[in-house]
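Working notes for the structure below.
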Amino acid sequence: MTERDYCEEALLLSGVHPEKCMKCGKCSGACPSYDEMEYHPHQFVDMIAKGQIKKLMESESLYHCLSCFVCVERCPRNVMPANLVEAVRTLRERSIGNDRLKPDDVAALLDEETPGQLLMAAFRKYSK
Amino acid sequence: MQRIGVFVCHCGSNIAAAVDVKQVAETLKNEPNVVFAADYPYMCSENGQQLIRNAIKENQLTGVVVCSCSPRMHEATFRKTAEESGLNPYMVEIANIREQCSWIHKDRMTATAKAVVLGRAAIAKVRLNAPLTAGESPVVKRALVIGGGIAGIQTALDIAEAGYPVDIVEKKPTIGGKMAQLDKTFPTLDCAACILTPKMVEAAQHENITLYTYSEIEEVKGYVGNFRVKIRKKARYVHEDLCSGCGVCTQKCPSRKGGNEFNLSLDKRGAIYIPFAQAIPNVPVIDTEQCLKFKTGKCGLCQMNCAAKAIDFSQQDEIVEQEYGAIVAATGFNPISLDKFGEFGYQTYPDVVTSLEFERILNAAGPTKGHLERPSDGKPPKTLVFVQCVGSRDTSGRGKEYCSKICCMYTAKHAMLVREKYPDTEVYVFYIDVRTPGKNFDEFYRRAVEQYGVHYIKGMVGKVYDDGAGHLMVRASDLLANEQLTISADMVILAAATEPDKTARSLATMLTASMDTNDFFTEAHPKLRPVESPTAGVFLSGFCQGPKDIPETVSQAGAAAVKVIGLLSKNKLKSNPCVARSDSLVCSGCSNCEKVCPFGAITYTEAEVNDGTGKEIRRIAVVNEAVCHGCGACTVACPSGAMDLKGFSSNQIFAEVDAICR
Amino acid sequence: MRKLSSDRMSELFERLDSLCPLYLPGEKDGAVSFVRYEQGVDYAVGALNTVRSAKDFFFPQVENIAAFRMTGKKIEILENQNGNEPFVVFGVRACDAASFSLLDQVFLSEPVDPYYRDRREAGTVITVACGEPDTSCFCTAFGIDPAEPKGDISVWLTDGFLYWQPRTDKGENLTENLTDILEECDGGEIKSYQDTIKTIANQLPLANLNLSYWENTDEKEIFASPVWDEIYKGCLGCGLCTFVCPTCQCYDVRDFDCGETVRKFRCWDSCMYSDFTRMAHGNPRKTQKERFRQRFMHKLKYFPENNGGLVSCVGCGRCVRSCPQGLNIVKTARRVSDD
Amino acid sequence: MPMNENGEFTPLIVAFCCNWCSYAGADLAGSGRLAYPAEVKIIRVPCSCRVNPTFILRAFQKGADGVILAGCHPGDCHYSTGNYYTRRRMTLLFSMLEYLGIEKERTRVEWISAAEGAKFAATMNDFAAKIHELGECKRLEDLRCK
Amino acid sequence: MQITKTIKKLVSEGKADRVFGWKKGELGFDTEPALFTEDFDSVVYNSLCGANLCKYMINETKKDGTVLLLLKPCDSRGLQLLTKEHRVRREKIYALGVPCRGKIDVDKISDKGIKGMIDIQENGDTLTVVTLYGEQTVPRQDVLYEKCLSCVGKEHVGCDEVLSPELSEDTTVNDRFAGVTALEEKNPEARFAFWRSQLSKCIRCNACRNVCPACSCVKCIFDNPSSGMDSKANADDFEENLYHIIRSFHVCGRCTDCGECSRVCPEKIPLHLLNRKYIKDIHKLYGDGDEAALLTFTKDDAEPSVVYERGEGHA
């Protein structure tokens, strides 16, 4: 898959239309994980619109998003940045292939910084 | 036998690009009754119209079909063209092959085929058209302006100056509207009161203007030139004619708990009050919700102290009935409620205020006498954060999807005024875009940035919260720096989106004027008839038609006035001849049509009828053509089909259906 | 004469239908009418008369006459004549069979109506004697014998047997195809069946209808009778009596726009309707009284005068049974003649 | 069955539009170049309340496969109350047609304002798609017209 | 007979100068509507007087004088409608309500296999049918008109006088809307098959229209060549659909549910099921107001989409 294909896939998965964004930055203004993230909610929207998804997929920002949906809630244009973050996360997980999280490995991953809720969500989603 | 001419317009390439206009003309030429068909690049141009005029004369046409743009665009044009060649203007039908064909269908064959069908339907209809003659009705030479803000005042003054009597109905106790609440005006920074109050006084004193303040529209009947309006004058409990405006009553009133509406409840007023010092009329009004006399039956201090004996607790609402030739809606706007925007803390923190509240805080006649003090503790704020687009351009359902237009400029104004008077403050403005298309507007905004050092930050505030130590924390993004900021602010000022006044919707229903989904009045044409409602005789002034600043409002107010003057200068109006008619031979006199007529245009009479079976006195329906608007509700209520609509007769519609389904 | 055991009737119907389309009285949603025979359709043996008469077969309620196709400004005429496919009608009663000769007077005299003629030639009529004439029957008043119905073939349905008597060449021809199932017999077996029918028919309350006043009185006198003013009062002006009547033959010719073509069709009309024989000035008979009078004057006076005394009624009793308000030809004939 | 050159069923849809709202909405859809199928043919009436049930039945009689009626939103009628009558009339008529066994998706009423060009196009697209699904209208056709 | 006495008294008091009622027909059991100016002894009123007389008043009240009209409860609703729609001059009518215990459908007696009927005699709840072949008895309730089995009610409305109302009997055995509900519960294909089969029997005799108290137009659109709707014949399966759909719509909200349309239909088409469908919908959607449903509205009326949303087989 080309980078463009990944972008299309992310948009399909999330149902996000980045062209609706009017670049107000309210998502990032409201984001509680802003400082932990290399790329911020508005950048997810902007970069995917521009076809630059690789950097996002490689970024640890994916796992610092709390999925709190405040950006979705606050967005005046219904753009839903968190859904996009979630889609990129899914694409990344998929690209890892069958090498998915096993129940036994979860305990080892728990640390102070990673929210437990995120781990559980990822576990449910990627462990079939 | 009709002799029909078909004229197919290319509309440059607007139609011709998608529709094979030559083929449409050629095909339609073979339709029965069609004796002439032609195509032309611009049928609405003088040359195109000349083509039609010549064809009518040379071919003795009795009917004309123009295949062109929407009839809403040029039906009137082509009717006039036909009339100039001696053909009855109502023998013209339009087939809409632009908006409803060439613009939406890409496939040339499909579009051409559809254009032919639409043309056939129009031919089928015109075959059954009959010449119609417009009736005439007199014009009442008096205008009504609903709303006493700057829009209403300016419209009324302009009409009055032209010599026509005009009434202003304002629901608040004083005229002046929103502009009266403003401190300074952009981009000149002159004092709002200084330029508005003279106009208010002029309106009050003008011999042609009658003010109905604290009044509402109760009922509107009639039609262009002949509206009959009921105005409810709400009881003030103070006789306007007796009151001297001394204000003693307002000082004696022991109840001080009411929020002062004029200052947006930033301070209190008595139960009997004059909204503000320059109010017109300068007559108090009693707030019965708050007045002790009304609540407990005891008190009456104001009455005892009124030397003019103007106070009357038994006063009742009064209904005034008046006839008008034209009505102007100038109902204005309000900031939206911020209930749905909890993230800004407006409901929680007293130091988060709206821009209109801030306007009052800055005003010398406001709650702080013009001193910049924050509401919570009266201390002068050192850091101010302005947030733009609060609810504007919002499609999430919480706000309004349109741009409120005035916020960029008034925010720049506020920022500048603060920095000028209090140079030791820090002022931040969070913006999405700064929109300054207007004379001297961008210069004004740049002055705020360059001269006054206002910090403009591209980004939006995500949250306003309390840091636990009594400081307001503003968390926002700085998109250009790709940073998230947290600013400790003393005050936050929200540029709340604007919306049309709530009363506009019910008024529009009474006026039968249409509105858009945002409750702005719809104009008859967005470009060419911006101050007229599609409802004849109803005109639009100011914000009620769409967001506007003061200069725009004033110029539109003048334009609306000119339209009203133009209407009132006529002695007679031609009425729409496409009205209902009752066939006396078929009418059974059952009254069903009368019951559904929205205009009371149908009456009954006993008349002698001879339907071929002998003379008989029957009860039959009679349509008052001047009152009928031609909606056609009666035609369906009539089971016998006695009631029909001229210009849209049942047989014409059947013919259209048949032609389309052929 | 031939006969067939009653339990083999459906076999007969199968055979007839295999020769050409067969129609017979059958019940549909509570009303008996002539229906196309097919397996599962029961012959409504107990029903005396269908709601609509058998005239439908030769003079259908609606008939396309021609069509016009318009191409641009050209008009092309498309003839429409498709009434010559052979068919058989079984179960026609004596009264309806008699009505055909009345209709023949109208449609087969010059100028001959080709649509009617074709259908008449194509159709074979099998009549059935009325075993038990009912209250509303009065065919005997017109010399019609319910025990001896006319038609191409007459049939009697007694207990156990169907008796079959061809009467015309058409009837004989049809019979020849059925000799294998219809066995020969002599007609004597139905004599007592016929006698019973006659006894019943003579006892019926309307059977003694006497039209001698109508025959012997000047038409102007009957026309001017004051009785008309009174007896039409209950008439609703609907066309029920004319549409169920086997002898009513008035029709209207109308156009129907189908888009590319225009169909010209004729359809039954009723003298009871306000737009009957409408001309530029309207209906010449302006009141319901005049329309009501016209119907009976035509049946009982004008038609006989023009057709050698033949009264345009066969006593089928349909109007007696169907008129919503209880009016009918017997009532009218008697009241006018003060009988 | 009417077909296009690709052998696809091309239904016939008659849309009655009131002059003040829905017809203007259709114009707006046009100026916004918002496409909907050409099989939709619009008949302009002053108000939705002008639409007699006989017009709708006539369209079906002559071979229409779907009939849609568009008017101002209730409360916005240019004639103030016309569409309230339309609403009652069509509710009862459509209920009757359904009772007679006519597919209920073949008739529709939509309120479309002059500002709702997008809604106009979307409505027509949706309605046309429904009619495509249903295929030719057989239950109300007049056999003479086929 | 008490009716004759009352009529004579009313005429002698000058309340009316003529009487519209029923008289005996040619057969032992049939009756017909008739106008009486004298000989009031020949006015009959019995269980065979099924016809609704109110519509005759359209022409009758165009004349001078006052007519005494006999009205059964269901007929009185018809007269009320005609009065409301100004089709009769009510002041020229003396409306005399007469009691009703349901009317007899002679066809139902025939359907029981009884032939050669000469006379019908009423004894309480039993009928004695005299025939050529002897006498037979039939329970009265078995042979009442369909319309009487789902009667709207036995109360007279708007009469000047009601005679012995205590003699009226409730003859309702069916839920008035049971027939409609049963159809609604079928699927669309079955409903279509039902109506296509029923309506294709129609012979367009117009009896249903001409008897209907709500169909009182001076000129019906189906008779008026300039209406664009005129038609005389059931030229095609569609044509009679159109006729009945439009007719039912025209009387929608005005129909008094007197059941005459079904009574007079020679083909026994249950036409009342069309009108009752509208009545049922109106009751459900708009309540039971006095004003005709299509001549009024409320701002929060149901949207036409309720038809789609209520799903299949709704009842």
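All chains are identified by letter, namely A, B, C, D and E, in their written order; residue positions are counted from 1 within each chain.
As a working rule, a residue touches a chain if its C-beta (ideal position, glycine included) is under 8 Å from a C-beta of that chain, and two chains touch if they have at least 3 such contacts.
On a predicted model such as this, the values are computed, not experimentally measured, just so you know.
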| item | value |
| --- | --- |
| Count of contact steps on the shortest path from subunit A to subunit D | 2 |
| Centre-most chain [mean C-alpha coordinates] | D |
| Taking each chain's C-alpha mean as its centre, the one farthest from subunit C | A |
| Centre-of-Cα separation between subunit E and subunit A, whole angstrom | 73 |
| Inter-centroid spacing, subunit D versus subunit C (mean Cα positions, whole Å) | 46 |
| Approximate Å spacing (C-alpha centroids) for the pair subunit C, subunit E | 30 |
| Per-residue multi-chain contacts in subunit C, two or more chains | 256, 259 |
| Overlap residues in subunit D, where contacts from two or more other chains coincide | 53-54, 62-63, 75, 81, 85, 89, 142, 144-145 |
| Interface residues, subunit D side, partner subunit E - complex | 53-54, 57, 61, 74-75, 81, 84-85, 87-105, 108-109, 139-144 |
| Touching residues (chain side subunit C, partner subunit B) in the complex | 70, 72-73, 257, 259-260, 281-283, 286-287 |
| Subunit B - residues contacting subunit C, complex | 30-32, 611-614, 658, 661-662 |
| Subunit C partner contacts - residues on subunit E that touch it in the complex | 25-28, 30-35, 51, 55-56, 107, 110, 113, 115-118, 132, 197-198, 201, 203-207, 209-211, 219, 223-225, 230-236, 260, 263-264, 266-269 |
| Contacting residues of subunit A [partner subunit B, same complex] | 20, 22-31, 34-35, 40, 42-43, 70, 74-78 |
